[in-house]
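Each of the two complexes below includes subunit A, the first together with subunit B, the second together with subunit C.
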Partner chain A sequence: MRRVNPAVGAAAALVAVFLVAPTLVVIPLSFTEYSVLNWPPHGFSLKWYDEVLTDPTWRSATMTSLKVGAGAALAATVLGTGIALGLSRGRFRGKNVATIAILSPMIVPVVITAVANYFVFVKWGLTGTAAGLIAAHTVLGLPFVVVSVSNSLSRFDRNQENAAYSLGASPLFAFFTVTLPQLLPGVLSGALFAFITSWDEAIISQFLSSPQVRTLPSLIFSQISSGVDPSVAAAASILLAVTAALLASASIIGAVSRRKRSS
Partner chain B sequence: MTTIGAESAHLSIRSLSKRYKATVALDGVDLDVRRGEFVTLLGASGSGKTTTLQCIAGFVSPSSGSLLLDGVDITTRPAHKRNIGVVFQNYALFPHMTVAENVAYSLRARRAPKEDRKERVAEALRTVRLNGFEDRKPSELSGGQQQRVAIARTIVFRPDVLLMDEPMGALDKSLRESLQLEVMRIHRELGMTVIYVTHDQEEALTMSDRIAIYHSGSILQVGSADDLYERPTSRYVAEFIGESNTFPGTVEPGPGGLALRTDGGQLLALGDAPRMSSGRRAVLVVRPERMSVTARGAEIPEGANHVDGTVRDVVYIGASLKYVIEMAGGETRQVRVPASAVDPVIVRGTSVVMAWQPASGIVFPEPEG
Partner chain C sequence: MSSQMAPSPGAAVRFRGVRSRWGALALPGAAALAVFFVVPLAYMLVRSLSDPSPRNYVEVITSSIYLKSYATTLLVAVWTVVVCLVLGYPYAYVMARSSRPISMILGFCVLMPFWMSILVRTYAWTVWLQDNGLINTFLLRLGLIREPMALMGNALGTTVGMAQVLLPFMVLSLVTAMKRIDPALELASRSLGVGPVRTFLRVFLPLSGPGVFAGGLIVFVTALGFYLTPAILGDPTKPLISQLIVERVNTLLDFGGGGALGIILLVLTLVILLIGARFVDLKEIVGLRGES
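The block that comes next holds the complex of A and B.
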């Protein structure tokens, strides 16, 4: 391990605190005994968690978020892996344009995507449905999968596939037994990021949600605008905890596959 | 040059060409390989030998020409239906599988019965002397061991033809030599047809029944090591295989038939010189061991060509001795003499005469203009 200059380390720690601390404020707030959100929190109580986990509105939003996240992650992973393979191996006109188009959701302001999605989905009758949310979130998650699978592909030796063919493996058999297992770290971390993207996405959700089908961030958003109640802080803390856990597993996947490579 | 009839060929390559946008990688290659033969494709990098191998394996589709296996056209058959094994320079072992899983892969792809697999994997690993390594991962093995796993993985499905693409390229010299012997033993035991690609001349000469010399996308000559060394059909092959001395000049009538007037002004008698005529630019090639060295003033054999020079260097190479001799113009030539026949009078700086019988030289026409 390289030694880090203490001044640089201190600056980095300061930036980290600056970035993360405002978010962490919701955690102590969620344990307050008062019925209004104010700082500093008073006493210690789990009643807001109890409310979030038992109240039908919160429960249904949590379930919707999980369902939409899983659906979007699955779709983005399957499509994104295929796209990454196509971009790395295909020879076709307009490849650069295609690459930019696929990565554009990372750059285009989400509000614009949300408005566009809304007008199209209204026509198609997809607003207020889980399918509509999954479709929109798949597009947002796609670039993460494409980038991380492309990264794995750049380290993958094409001779591996030639070897499999020469040993009698059909292209499909070779893909599932030789190619995919070696791309797995990239595929998994892409899937995790696609899930996280959907899980904490609020803007598109706000446009496409209905009172019946509403994601957790969208519900938090509307709860805050209608009146502040500490259950919002509890819901936000749960959201945060899930995101943090997934990010941690993504970095564990990365570390394990790096260790495997270097051994 | 030995040619074999197409009907007795196991693998036939017919005017195979491969063009990429602006470059021609293969330009009309023809080659017939007998069943059980060990043929090496030898050439510099970029000469087309690896492209030939990739066409045979089915990884690359040729622009024109055809491939026949036992008389059946396989030019457009996909790689996984060819039953042709490939051993790669970088081994291309599957890193996420154990040694046994790697070796069993072809049996799995072919849905061979499970109880059969174990036995055949063990047999293949025994053949490459790696039994006991079944549960290791490729990353836990040395380079030589990995290449032996790659060979086992390929021979386990008993391919019709075994292709080897510079399989020793990544190994150090002593390991290379022992693995060469191993590959030759496996070839003998299994009687497989092997097509071997290398740029290492020595390796080609030791291992092969026949060698095909590649130069810029074409085969210049196919023959045994002896054929290529003693009877090269082109200057390129003569200079590529072994060491050689060259004397460029112009053909003119001499005392006993055609002779070569060298650019240095000497007149050298030519032995058998078909396709030669007076006034043609040509180059005479003489192998270093076909020349003799004597001190100036000593008797020169009757009818021999002789060129004067001064010894610049004396190099001992095992059982023989190499003289580096500087001629009048400052250019050097080499003469190789068996250690037992060395004249102790000749040391660095001695004025000497290089001599050889005209029949020992081979003359090649030079391109005109």
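The block that comes next holds the complex of A and C.
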């Protein structure tokens, strides 16, 4: 490999700082003692975390987010795995069009999806309900599952299934004992990304939430407009921490499955 | 390697019943997509044409408020692409051309924010950019400025915030293209006595073109529909189209007008993507069958 020019390397390092560092400021901010923004942060206090974890509004938003995220991840994983299998193995016309259609929630601006969902969910009585949030977030998470499972499928050798059939396994038995275990890394990371998508989503949530049922990002969003309060920083830090933990799990799943493949 | 390897003829006959049923597995997901995604969009289209009439579109296309907003939106999107390209190009170059540990660290720095809440990242920018934020406080203390500079509440804040959120898309597109460039080509150029700068300009830069195009396309299109960042960091008196859509629907309860604005933005997005897809593979952008 050629060596990279040091000036270009330094530029890349600065861009890396620009990518990561600005966001991390919410963490020290969440531990300050005073409610006014001060730098460097004065004192150390956990009171903002205490507020976020005990205040009923914050608490219920956190619970709603967890519930909606879990529901959407589960639905997106089941439906998305089915789509990935159908797309790769089914024989029907217009597969390319179908693929684009299924990935379209990634392409359509979320603000448009949010408005469109709001229009019909008002009619269907789904606004301000966890079910409505789950339905909308499921659609948003679906493409991530489809991509992730499809990539796993493209590495799977179909002849293993044929071997199982030839040994007398039923299609279902072969699927659950031969195919699914090997797709599992793709399925699990798809599930994690679907959860993260829901967990971080603020715009659809803003439209579909009610004062009773509202997600954490939706609450953070409305609090931001009322000024910088460290309890928002604490909530934001919690949001980041959960995402980071899930990303770490996803990369562990990836690493383990790569090791299994190579051994 | 291929999973689609055809089984032996006998097997194909024996298992035809099994094979043909796989397509049905996609149906529940497709149904969910239809009910919760396609139907809402179709309903939005209907509302935009019938609530009260197709005149919604005339209003939205001719009124100066909206025309200004389209112009602002396009301008911000162009600036975002420019900033992403300037920051992303050297970054992607180093990522594609350095040894494994360094390129892994850079990959981490680009993928981490990719998955981090846009809301939190935008909120974090307010801590830096507001009048009593970190940057202004620092500069005031150093005596470099006398009064706080307006770093947010304007196009600057929006562009900085959007560029940071969208930079990973640009970097990933560029890296994919740059990794395909054979380093031997540059060596060949150098061995023929061409200097490093000219080698870069004549060999590397043109070959990285597809990545620049793909990254620029995806950043531009995504920027057009951005809502959170302009809503938090932008100028409230110069709203982007997405902000006007939300205002129409949420505050004014004007579903027809908001719907028309939304459909126009959607069509604009799709047309740009379709034109762009003639030159780049969109599947690659969303990560389907990319390298793993």
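Before moving on, here are some points about what is shown:
Here is the rule we use: the second predicted complex is superposed on the first by the 244 of 263 C-alpha atoms of A that agree within 3 Å, B and C clash if a C-alpha of one lies under 4 Å from a C-alpha of the other, contacts with A are read in each partner's own complex, and residues count from 1 in each chain.
As a working rule, a contact is a pair of C-beta atoms (placed from the backbone, for glycine too) under 8 Å apart; a residue touches a chain by one contact, two chains touch by 3 or more.
Just so you know, these numbers come straight off a predicted model, no measurement behind them.
After overlaying the two complexes on the shared chain, residue contacts for A:142 are found with subunit C alone; subunit B is out of touch.
In the superposed pair of complexes, A:63 makes contact with neither subunit B nor subunit C.
Once chain A of one complex is fitted onto chain A of the other, the partner contacts of A:173 are limited to subunit B, with no touch recorded for subunit C.
In the superposed model, A:182 makes contact with subunit B only, not with subunit C. Legend: residue contacts after superposition of the two complexes on their common chain; A:252 is shown touching neither subunit B nor subunit C.
In the superposed model, A:220 makes contact with subunit C only, not with subunit B. Counted by residues of subunit A touched, the larger count belongs to C, out of subunit B and subunit C.
With both structures placed on the common chain, the touch criterion links A:165 to subunit B and to subunit C.
Of the two partner chains placed by superposition, subunit B and subunit C are both touched by A:157. Put simply, subunit A uses residues 157, 159, 162, 165-166, 171 to touch subunit B in one complex and subunit C in the other.
On the subunit A side of its complex with subunit C, the touching residues are 1-2, 4-5, 8-9, 11-12, 15-16, 18-20, 22-26, 29, 37, 39, 75, 78-80, 82-83, 85-92, 98-113, 115-121, 135-136, 138-139, 142-143, 146-147, 150-151, 153-159, 162, 165-166, 171, 193, 196, 199-200, 202-203, 207, 217, 220-221, 224-225, 228, 232-233, 236, 239-240, 243-244, 247.
Listed in rising order, the residues of subunit C touching subunit A in the complex are 1, 3-5, 7, 11, 14-15, 18-30, 32-33, 35-37, 39-41, 43-44, 47, 87-88, 90-91, 93-95, 97-99, 105-106, 109-110, 112-113, 115-121, 123-128, 130, 132-134, 137-138, 164, 167-168, 183, 186-187, 196, 221-222, 224-228, 232, 242, 245-246, 249-250, 255, 258-259, 262, 265-266, 269-270, 273, 282-283, 286-290, 292. Every residue of subunit A that touches subunit B in the complex is listed here, in rising order: 157, 159-160, 162-171, 173-174, 177-178, 181-182, 263.
Of all residues in subunit B, only 57-59, 78-86, 88, 90, 92-96, 105-106, 108-110, 139, 153-154, 157, 163 touch subunit A in the complex they form.
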